[in-house]
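Both of the next two complexes hold subunit A, though its partner changes from subunit B to subunit C.
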Partner chain A sequence: MNAVVAAVLQIVVLIAALALTVPLLGRYLAHIYTSEKHLRAEKVAYRVLRVDPDADQHWRSYALAVLGFSLVGLLFLYLLARTQQWLPLSLGFDPFPSDGAWNTAVSFVANTNWQWYSGEVAAGNLLQMAGLTVQNFVSAAVGMAVAAAFARGLARGRGQGDRQGRGRVGNFWADLVRGVVRVQLPISVVSALVLIASGTMQTLRSHQTISTLGGGEQTVTSAAAASQEVIKELGTNGGGIFNVNSAHPWENPTPFTNMLEIFLILIIPFAMAWAFGLIVRDRRQGGAILATMAVLLLGGTALLTWAELAGPGTAPQLAGGAMEGKETRFGEAASALFAAATTGTSTGAVNAMHDSLTAPGGGITLFMMMLGEVAPGGVGSGLYGMLMLAIVTVFLCGLMVGRTPEYLGKKIGRHEISLVAVYILVTPILVLVGAAVAVSFPAGPEGILNSGAHGFSEMLYAVTSAANNNGSAFGGLTSGTPFWNTLLGVLMLFGRFVPLVVVLALAGRFASTRPLPVGAGTLPTHRPLFVALLTGVTLVVVGLTYVPALALGPIVESLS
Partner chain B sequence: MLDLVYILITLVSFAGLAALVGVIDRRLGEPADTDVAPTQNEPETEPQAVSR
Partner chain C sequence: MNDIYALLRHSWAGLRVLIAATLVLGLGYPLLVTGIAQVAFPWQANGSLVTADGSHTTDPSEAAGSALIGQVNDDSALFYPRPSAAGDGYDTLSSYGSNLGPEEPALIDAIKERKAEVAAREGVAAADVPADAVTASGSGLDPHISPDYASLQVARVAKANGLTEAKVRELVADSTEGRTWGVLGDAHVNVLLLNIAVKQAAH
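On to the complex of A and B.
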């Protein structure tokens, strides 16, 4: 089949699958984040946690609960990584070094899942399953909870029967437990069974002896891959059980599993946007946010596929595309689609080495992350990131035409726009200062494999991936050093939790304010014009912020 | 020793984030009364003209 036809066909299949399932899951998500009923299993969890799931928390206590929960998770994971040699199921692996354990603990708690180590030769089964996989579930549920709290903040006062109160945004513990019990676990169990049936490995044995085609025997590393693979994609986590991630046949054996994994990456972020429309009782608002996410993702996918298929140079032309660093089972188009999905969300899983993408292709993956993970972004974080940009858009439009800026009837005043400004600025500051630190200290460039523009791209990609909580690696960077582990750990920690605090503060602010009635001066935020404006604002904000850095890396490499 | 350093970094970072919550909460204060959504016990009503 012609490569271009195959590329288009797989995108069409993916769109059809998402179009069928996103509204269903979105409706379900809206229900669970607004329901007042608790399942029996959830009540047990609340009793164990000794929390009241019916308390309507002020944004301040909601945020402190998020921080406290994450701090405990981080310290527990650190301890597990530092003591794994004494624990059962360690497979005889040594403990992580201090800097590596801290980096890993921050990484998984922050839903980044950056991995400086090779999972199959460093992390035992207990660390993988009781530490890393648990964080795959709960860190994703934290993102979903915060997005739900933000949606509720915007929704309060918009309908009859609301429980209104100053700064109250819901209950973190109920949101957290429901996200895990009602969403992630059921989807993960079913999808893991499908993956196992399709050939993905699931075993607690550390090694297998297999017969090779040449008649000899070979010992290969094995693991409980399927159960981790699903939540790795579904929770936009990305940390693979094997070093080469979803390029490994034990994780991703066939083109079918490849498509299923891409679908799992995208389903919750898009469904959260749909749920948002239902929570604020205006489905069109969710549709506009979802459409903007889809436009950005489709644009990125098209450009990336084009860059990889066009692959300049004699060898790529003879091979029919830039095949270096890509799995031959999938080819360029499936690799490009996976790369766009994984960087458009904050997943970070890879089925091809991004270091081997063409220069413009690598630049597009960087740009997708620099968008702030909003196309469609991480589970939960994609929605609140895009809503922040929507507020910037209505504010700018208000300035241009003299309207009172408001979003969903909530006035955007001095305090609100100040919080949004902090949100928009935090990540670029972390990325650009992080890149400056990386190139300024000798320990930074020591880790790169290539010199020149490509070497700079390797460092820029690492700090961008960390601060945006993506977690994918460009490759070519040896990051398992105290310098890189500490720098990236700091970026992941503040890149996750500072925006999250700001989002909750804004949610509380909106929950406190009376919605303005729709009038002649109200900017419609559900029409195609707003989708175009929001898309433009997203691209311009990112462009103005990052073009100088991109010019030093992928742009100059493309031109050379 | 290094373990203590990283644990200290973690605790200081989270203490800073908790402080950020407090700072934002103080800086925001309460919205103006005209903007505040009514509470459950406070029915939303239009202002009434009062004759004296």
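On to the complex of A and C.
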């Protein structure tokens, strides 16, 4: 079969799988984030842990719970990384240096999972399981919880008999526990076993040396890979067990596991959009958000697939194909599809080295992240990110016709739009200031591998990935230095928690406001026209911020 | 002040939840999955190891490699894998792609060099050398080559082992997997399994 036809059909298989499952999972998510009933096991856990799962928290209290929980997670992970030499199952590895432990602790708590170290020679099994795997679950559940809180804030007062929320947005502990116990854990166990049956490693043995066919030596590195691989994708985390992440055959052994991993990356972010429609009691609203995410992702996928199959550039042309940094079993198309999914969401796992993508291909992965991780974005964070852009869209349209804008009947006044403006501006400021800092100090460019414009792209990619909580890299950059570890740690921390608090503040605000009745001047936010407007606003508002920076990197490289 | 007090109170609750999460998700979940895997899929779970005669094993001392991990080949009678950027080649302790960009002079030179080398080794024109033969994989551990690259090596391997080209082609076909379901990924030939088959046929 022709490679292009196969590439298209491969995308069709993915779309079909998502179309069948997203509505089901979406309905389930909407149920668990609105139900007042607890499972028996959950009740026991709440009692033992002495947390109140029924208090309807004010947004401030909800935000402080998120921050408190994340702070404790950060400190715990830092300690674990600093002391692994004394802990069991650590394969004899040294402790992380302080800057490295800071970077990793922030990275996994902020759902970024940027990695400066090579897992197979630096992170022991205990750190991987008790530290990193745990944050893979809970940092993702935090994102889902905040998105659910925002959806509930918008929904308050929209139903019959509903009272205004007075800033109340739900219960963080119940949201957190339900996201993990009822969604992530069951999907993870089943998917992990499917991966293992297909060849993914899952062992707690120590490293073993074998003698090869030609008489050489090779090490069978040991890892509980499958259990972490699954939640790494499902929670849009992305931190690999091994250095080369999902390109490693012991993580991602076949074209089938590759497709399963892409599916896992996309399922929750899309399902959250579907759940949103159900939570606000208007399915079409969720449909419009989901459609916008899908349009952006499909566009990115098409361009990336084209770039990698066509293989422009000196090296790919000379070699006869863009296979540098790609695995034979995946080829160009399945590598491009994975790259689009991992950067369209805030996952950051890779099955091919993004540094070796073609110039336009690498540029698109950067651009997908710069969109702010909304196509379809991280679990939860993609939904609230896209909703912020939806509010910008109704605001802009309101300005054009001279009416006070509203979204789902909630008035967008000065206070609301100010919060949205903060949300929209934080990440670009972090990226651009971060890039400026990186080029201004000698320690920044010291890490560069490639020469010329591509070297600048490596740094731009790193700060973009960190501030947007993606975690993938142009891996040529040597980032395991105090400078990069510190800088990227700061970007990841602020890139995660500032927007998150703003979203909760806005959720509280919406929960307190009475919805306006739909009038003749209300902009319908569920029609194809709105999908087109929202897509346009996303591309223009967010994309244009970065054009000058992109021009210095991938654009000039593409033109050379 | 109130906020700081509330943050501390929530952090304390957060610590209790985190400890529970660490027990359930950090130990219970991976141990459960490992336990099931070691009973139900021991071969895959322990690295898909194969012996020198191609049979499955979970014992590293019997193994001649993993069906999922490529190996350095120094034997001109066997099939060569792709170039590897992992350590000195196929080093599982330093999995790595070259990370060189499409315009990087070092990569362009390496491709030129490899092209000439493969063409000379197989006695073909440089233009006939496929892309995977001259590019390093993402993992540096790629166990596969393309059917094109395998087919390029058939004549040399057949001659060196006293086999007919038809026989070697048959062995290549046995080690080849097409796209999964006709559409996923790309066609690939497992080099280690193929080389084991060649050695057995040559006996």
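Simple rule for what comes next: the second predicted complex is superposed on the first by the 537 of 560 C-alpha atoms of A that agree within 3 Å, B and C clash if a C-alpha of one lies under 4 Å from a C-alpha of the other, contacts with A are read in each partner's own complex, and residues count from 1 in each chain.
Just so it is clear, a contact is a pair of C-beta atoms (placed from the backbone, for glycine too) under 8 Å apart; a residue touches a chain by one contact, two chains touch by 3 or more.
Because the structure is predicted, anything quoted here is derived from the model rather than measured.
Novice: Touch check for A:A511: first (subunit B), second (subunit C), both, or neither?
Specialist: In the superposition, A:A511 touches subunit B alone.
Novice: After superposing on the shared chain, does subunit C or subunit B touch more subunit A residues?
Specialist: Of subunit B and subunit C, the partner in contact with more residues of subunit A is C.
Novice: Regarding the shared-chain residue A:L71, is it in contact with subunit B (first), subunit C (second), both, or neither?
Specialist: After superposing on A, A:L71 lies in contact with both subunit B and subunit C.
Novice: Once the shared chain is lined up, is A:R60 touching subunit B (first), subunit C (second), both, or neither of them?
Specialist: After superposing on A, A:R60 lies in contact with both subunit B and subunit C.
Novice: After superposition on the shared chain, which partner residues are touched by A:L544: those of subunit B (first), subunit C (second), both, or neither?
Specialist: A:L544: touches no partner chain.
Novice: Would you sort A:R156 into first (subunit B), second (subunit C), both or neither based on which partner it touches?
Specialist: The answer is first: A:R156 touches subunit B but not subunit C.
Novice: Counting only touches as set out at the top, which of subunit B and subunit C does A:S98 meet: first, second, both, neither?
Specialist: In the superposition, A:S98 touches subunit B alone.
Novice: For A:L559 in the superposed arrangement: first (subunit B), second (subunit C), both or neither?
Specialist: neither
Novice: If we overlay the two complexes on their shared chain A, which of subunit B and subunit C does A:E120 touch? Say first, second, both or neither.
Specialist: second
Novice: Do any residues of subunit A touch both subunit B and subunit C, and if so, which are they?
Specialist: 60, 64, 67, 70-71
Novice: Using the touch definition up top, name the residues of subunit A that touch subunit C in the complex.
Specialist: Residue list for subunit A touching subunit C: 1, 3, 6, 9-10, 13, 45, 48-51, 60-61, 64-65, 67-73, 76, 118, 120-121, 129-131, 133-134, 137-138, 173, 176-177, 180, 185, 188-189, 192-193, 196-205, 208-214, 216, 218-221, 224, 226-228, 242-244, 247-250, 253-256, 258-259, 312-316, 318-335, 350-353, 355-359, 362, 449-452, 454, 457, 474-476, 557, 560.
Novice: Quick check: in the complex, which residue numbers of subunit C touch subunit A?
Specialist: Its residues touching subunit A are 3, 6-18, 20-22, 25-27, 29-30, 32-34, 36-38, 40-41, 44-49, 52, 60-61, 63-69, 71-75, 78, 82, 90-105, 107-108, 111-112, 115, 129-132, 134-146, 177, 179-186, 188, 192, 195-196, 199.
Novice: Along subunit B, where are the residues that touch subunit A in the complex?
Specialist: 2-3, 5-7, 9-11, 13-14, 17-18, 20-22, 24-25, 27-28, 30-31, 34-40, 44
Novice: Sort out for me which residues of subunit A touch subunit B in the complex.
Specialist: Residues in contact with subunit B: 59-60, 63-64, 67, 70-71, 74-75, 78, 82, 98-99, 101-102, 106, 156-157, 163-166, 411, 415, 419, 490, 493-494, 497-498, 501-502, 505, 508-509, 511-515.
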